[in-house]
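Each chain carries a letter (A, B, C, D, E and F) given by its place in the written order, and its residues are counted from 1.
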Amino acid sequence: MLTLDDIIQNALREDIHTGDLTTLAVVPGSRPARARLVGKEPLTVAGISVFARVFYLLDSSIACTPCCSDGQQIETGSVMAYLSGDASMLLQGERVALNLLQRMCGIATLTASYVAEVSGTGVRIVDTRKTTPGLRVLEKYAVRRGGGFNHRTGLYDGILIKENHITAAGGISEAIRRARSYIPHTLKVEIETETVDQVEEALTAGADIIMLDNMDCTTMRHCVELIAGRATVEASGGVNLDTVRAIAETGVDIISVGALTHSARAMDISMLLD
Amino acid sequence: MLTLDDIIQNALREDIHTGDLTTLAVVPGSRPARARLVGKEPLTVAGISVFARVFYLLDSSIACTPCCSDGQQIETGSVMAYLSGDASMLLQGERVALNLLQRMCGIATLTASYVAEVSGTGVRIVDTRKTTPGLRVLEKYAVRRGGGFNHRTGLYDGILIKENHITAAGGISEAIRRARSYIPHTLKVEIETETVDQVEEALTAGADIIMLDNMDCTTMRHCVELIAGRATVEASGGVNLDTVRAIAETGVDIISVGALTHSARAMDISMLLD
Amino acid sequence: MLTLDDIIQNALREDIHTGDLTTLAVVPGSRPARARLVGKEPLTVAGISVFARVFYLLDSSIACTPCCSDGQQIETGSVMAYLSGDASMLLQGERVALNLLQRMCGIATLTASYVAEVSGTGVRIVDTRKTTPGLRVLEKYAVRRGGGFNHRTGLYDGILIKENHITAAGGISEAIRRARSYIPHTLKVEIETETVDQVEEALTAGADIIMLDNMDCTTMRHCVELIAGRATVEASGGVNLDTVRAIAETGVDIISVGALTHSARAMDISMLLD
Amino acid sequence: MLTLDDIIQNALREDIHTGDLTTLAVVPGSRPARARLVGKEPLTVAGISVFARVFYLLDSSIACTPCCSDGQQIETGSVMAYLSGDASMLLQGERVALNLLQRMCGIATLTASYVAEVSGTGVRIVDTRKTTPGLRVLEKYAVRRGGGFNHRTGLYDGILIKENHITAAGGISEAIRRARSYIPHTLKVEIETETVDQVEEALTAGADIIMLDNMDCTTMRHCVELIAGRATVEASGGVNLDTVRAIAETGVDIISVGALTHSARAMDISMLLD
Amino acid sequence: MLTLDDIIQNALREDIHTGDLTTLAVVPGSRPARARLVGKEPLTVAGISVFARVFYLLDSSIACTPCCSDGQQIETGSVMAYLSGDASMLLQGERVALNLLQRMCGIATLTASYVAEVSGTGVRIVDTRKTTPGLRVLEKYAVRRGGGFNHRTGLYDGILIKENHITAAGGISEAIRRARSYIPHTLKVEIETETVDQVEEALTAGADIIMLDNMDCTTMRHCVELIAGRATVEASGGVNLDTVRAIAETGVDIISVGALTHSARAMDISMLLD
Amino acid sequence: MLTLDDIIQNALREDIHTGDLTTLAVVPGSRPARARLVGKEPLTVAGISVFARVFYLLDSSIACTPCCSDGQQIETGSVMAYLSGDASMLLQGERVALNLLQRMCGIATLTASYVAEVSGTGVRIVDTRKTTPGLRVLEKYAVRRGGGFNHRTGLYDGILIKENHITAAGGISEAIRRARSYIPHTLKVEIETETVDQVEEALTAGADIIMLDNMDCTTMRHCVELIAGRATVEASGGVNLDTVRAIAETGVDIISVGALTHSARAMDISMLLD
């Protein structure tokens, strides 16, 4: 997996490569400058230190002083950071730093909307694996800063038995038995179900977490009552800002939302040179 | 810059890392399977060979046969590819392959909407540097498949003199002079202008391309008349699907749209195991 | 993390670098040869496909046909694989391939000894993070092939609250509460305890797994009775082949053994050219 | 070949990957702490700066002050280093730093035992290529710190003509002739022999170093007399702590011991937080 | 593409690898020393900061103070830099630093000779893609420091339609049309011509730059008159220090010279320890 | 160190990066073509398989059939290889493949000239560390193909005690003693001398190889007589094609020539599409 510094270095090389021709040609040499980072719409901050890190890796003599913190909600016009350093280096890092920050704030802000919708229900909003290739660690961080929680990071650190696994194993009970007898004792077993019968079988087989996949709210409520606290219940499928409250009120513990990382739009943020 | 294979390998490692625990535990060994890739909404295809490459790099014995081509518009329910291979490998590659394809089709589809809006005007819709860090080469490819064109790839292969450069150089004429006397003779000089006066100065100084930044349509039309074919004219700022036609009708040659890569939502595409 | 192929390529470059001088000087050109891989003592096999992969990556025209499989116990003198290919390539890969295989078989064999000692008790023998830097994925695989199980892979895919974490958090209950409210719902919470009082507090606080660290068998048995199936119980510390049976008979579920990866000696295996 | 920093970074990523979940969950934020590194058994130190480098690369604000030096012999209970820094970073680096140090001290300590056995004979104890893949440079360093010497690093920086090379070349004389006429004039030619006749032929052909492979002591003594200083003599095979003195007393110059790197057990060393 | 630091790190590892044996053996420990970098013949400087960077990356405690700047012409015996630091580190970096600097100065010096030959004509001397694999960015920099200009960096940032492209496209006009309709509007279209007829067709088709390939001076002069400022004119082929002035006097704008990077000899520069 | 494939991949990425714009624009799709590689002057071949490997790595469906072999001397007009494959891929690989081959043939050809000059004397012509950063392994290979021999590869696989080492160690005898007592027994000790007195001291101290640095021929002849076969003698400094024969006739064993890699000009070789 790429580290944060790898992600940033790749992005800088992608944009600058053999050099910023315009700056080399038009503004050779160095010239001190100051800049402000300003939010142009209300948003939940995520990635302000990633933004700062871009400039540090580009030119460690640039000072970037954040005046907000990840997880904070800010209003239109809020100054998010002050920067000072060589003008040409500020200009060279601007696009990459904004591309990362705008995306992360977008995810945090969208997550915060979902979290607000289910407030008071005790339900966790969690992410999925529908993330931008190469940026998962940043996007899952942004979900947390928006008040959400993470599902497993990838295929390697959690078990989620889906329909195809069940078919291949010959049934829910056998699939759960195989999982339990193989995986580290530190992991829970989660299984995807589509019917009440499957929920009952999963419960009997000792699933730790039961995902209710694409069920309507009535069925979900019935399943929650059936499970009665003997397993964690996760709702998945058909979740959007219009439906999430009703789903939460069925009594499920967890609602997973692909859109958090998949459909978040970039927030409008600008970097202004004084 | 990361190559396509680097991007895919990073994405696969990000998701699979030490192994797909569920498959290792529940479905050990191999089992032949078939799958179909299906578009769940109308879309313009981009990245079908990227999708196939994911499976090839994961397991070269998987066969992925596309039945659409990049640039093609498909309807809801269209089969985009057939796959066959080991079931557990198909499942392991599914998420990464879809994450890439859905994003690329989203960009191509959005681009195609903009291109359709300006049809008949001869205007080029072009992208910007507001791309996902690490994925620029794929996103710019998707713009082309949607009928758009590319602006410079990064800071290294084109000249765009912005306000800050002009200020630092001491004026438009000097900035253009410096650019011309430095850069390879194979590149054109583009300059950003915000007023009619600036356009006149840029024209006099011999700019090859004049960007009209955030001007209203009346002003843009005036500038186009002023320039009268002596430079290429690019409109930028405030462009969306509602405004793009009017902007095109001012007579500009090029309209650059950050939203193509910045705000495209992922297309709904599924991979179904038979 | 390094992949298997990265590990092998690094090892080959470490040994061969600019070329095998002796072969270049004394045996230029190619000459077909055959070889046998022979176990020189009784052992449990692990890594036979790693062994074969070394030769494949060095020279894909070498054929390596295993005649044993991972997890199998073999006797002195057993042929483990047949190889054929260019003599100089067989000689160049021999040392690296053996260095990996001998270590992996050593771990599997030692693990199998521990597993045999606790047979019939239902106890799981699990590994720790005391592995060779860079080779963890191979060593944890070898533990599984020896009949053991894996603990968490690293710090990122499991929770183990140790004494220092407890102190910093201000107590066991608070530490468990913090863990639960942060981590993915797919992970269990494990906590290290050193006294019966700590076990009781951990139980009350809802720990999923309680580690009994360096307790004597009497105390462990008491703790097992106290826990009474409400949490998984892991014994740790002071475990060796002489003590493991008695520990298992206290009723714990899991015994973790650093020595599996830390103190396994390499098995005696030779590659003989015909 | 991996550099020291590559080895450490790989090991840290292997263990920490996306983050130390326990610390992130239970002990967020920073908290100053102190720790001591303590030897729990008598040992020869090797790798104390490697240990310190792990913490430096993880968090350059951690201070690690060694109070022993490589090559030094210490007693049980000796403090080997003091550390101070953020508690959570000390905990995150502990396992990787110890895994490297314990292994290196193990090799140095075992080497020192061999060196002590042959004291007064003037014989050099040297290592082999039977090292841990990826860690050769550290392990060969540890051999030197234990008082041993290095054989060639790999296949690229020394000549060792073995039985298979001799056969392929058509005899000892021809093999030595080919080596001499190809290799840089800066390298000596070493050849492996199994009989007195072979020793005589090697001597006649002008070998610089003659390896006596798996000979009994009587034969070795005879060969040493035969060679009479006209070549360096290296004994190999069947060497252990019980046999090494007798082998040294045959008059050979060099004894190579695979066990130095192959069978050294990790030393018992702990890092204790105050 | 390799960055400067990648190039230097690769070169250092290539030379030092597991360590400078002579220094480790003969001069262990550190010893302060001073050195001077001296030009042994008249030359145009390029790469003095590359030279300094080698030492910085090897040992950041070495001070390297340049007393010349890139682009400057120096005489025999000029001190180019002063260095101070640990003697053994100065010795270890010397060869790599000189190998890079001598090559770069060689290119700058040769370029300056060509530039001097065409002085007063206004012609640009430009480089080609005939550079040392892996060092292109340094070599093109050196050309600029010698007073030359760069042609496109590679195949990706400029268009040069050659004979084979023309044939494949079915003619000059079609080739230029295709290029124009595909490439970013920021790039000019250059085409290679071998006859006056081709020049006329290229001009009609709207080529931005016309390369006159291997034409004699009379033909070139004729073409320049024909083109009459409607396209930039580049001369290529058969250029050397004896012919370049005559070519420049034909009125072309650009002369490309492969020899700048291809045939430059290393300048004689020494590093002397006091 | 970079492997051959690393060198080629870096060079291809350096040249092609995001794509060959001209081909993408003007000649999209594939078109079969044939080409010939032709030597345009007499030369000694080195690197023909490197040339072929470039095309293989770029597009494994290209067939490149060499009709010469490394070490062979060819005349003007000789066909060196035939290629067939997709026209656009042949064009994309041409420049990189030629850049490598022309350089390697240049080195082999220059080496062959030196070797021819000393024919009959039994003297070895050897290279130095004055190689192109990143390409040493290819350049040292080319020296061998030209009939020369290699000196040590780098600082890590040979001992060369220079003036500064001697000064730091306190004299020639002490420097040699230190080297001998540290280095692997597989390496010889070489020392640089500038006077007859130094030669005598080196001989007494048991140097294996004595370098005569920048001595005139009379002094060298005297030193050779003094050494009388008790050490290998290497001449260095002031060697060129005019002086090398006289130096060889002084009776030295080895002559090292920096110019072999430092000043070789690229051979004139073309790739012609049919």
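The definition used in the following text is that a residue touches a chain if its C-beta (ideal position, glycine included) is under 8 Å from a C-beta of that chain, and two chains touch if they have at least 3 such contacts.
Predicted model, so just to flag it, every value in this text is computed and none were measured.
Common partners of subunit E and subunit F, by the touch rule above, are B, D. Listed candidates were A-B, C-F or D-E; the one reproducing the E-F interface, defined as more than half of contact pairs identical by residue number, is A-B. Among the remaining chains, D is positioned farthest from subunit B, on the basis of C-alpha centroids.
Centre-to-centre spacing of subunit B and subunit E amounts to 33 Å, using the average Cα coordinate of each chain.
Chain geometry summary: the mean Cα position of subunit B and that of subunit C are 46 Å apart.
Shared interface positions of subunit C, i.e. residues touching 2 or more other chains, are given as 1, 13, 17-18, 137, 153, 156-160, 187. By the document's touch criterion, interfaces exist between A-B, A-C, A-D, A-E, B-C, B-E, B-F, C-D, C-F, D-E, D-F, E-F. Per the touch definition, subunit B reaches subunit C in the complex via residues 13, 17-18.
The touching residues of subunit E, when paired with subunit A in their complex, are 1, 3, 137, 153.
The part of subunit C that touches subunit D in the complex is made up of residues 1-2, 7-8, 10-11, 13-27, 31, 87, 91-92, 95-96, 99-100, 102-103, 129-137, 154-162, 164-165, 168-169, 175, 178-179, 181-183, 187, 262-263, 265-266, 273. Contact residues of subunit C toward subunit A in the complex are 1, 124, 126, 149-153, 156-160, 184-188, 190, 209, 232, 234, 253-254.
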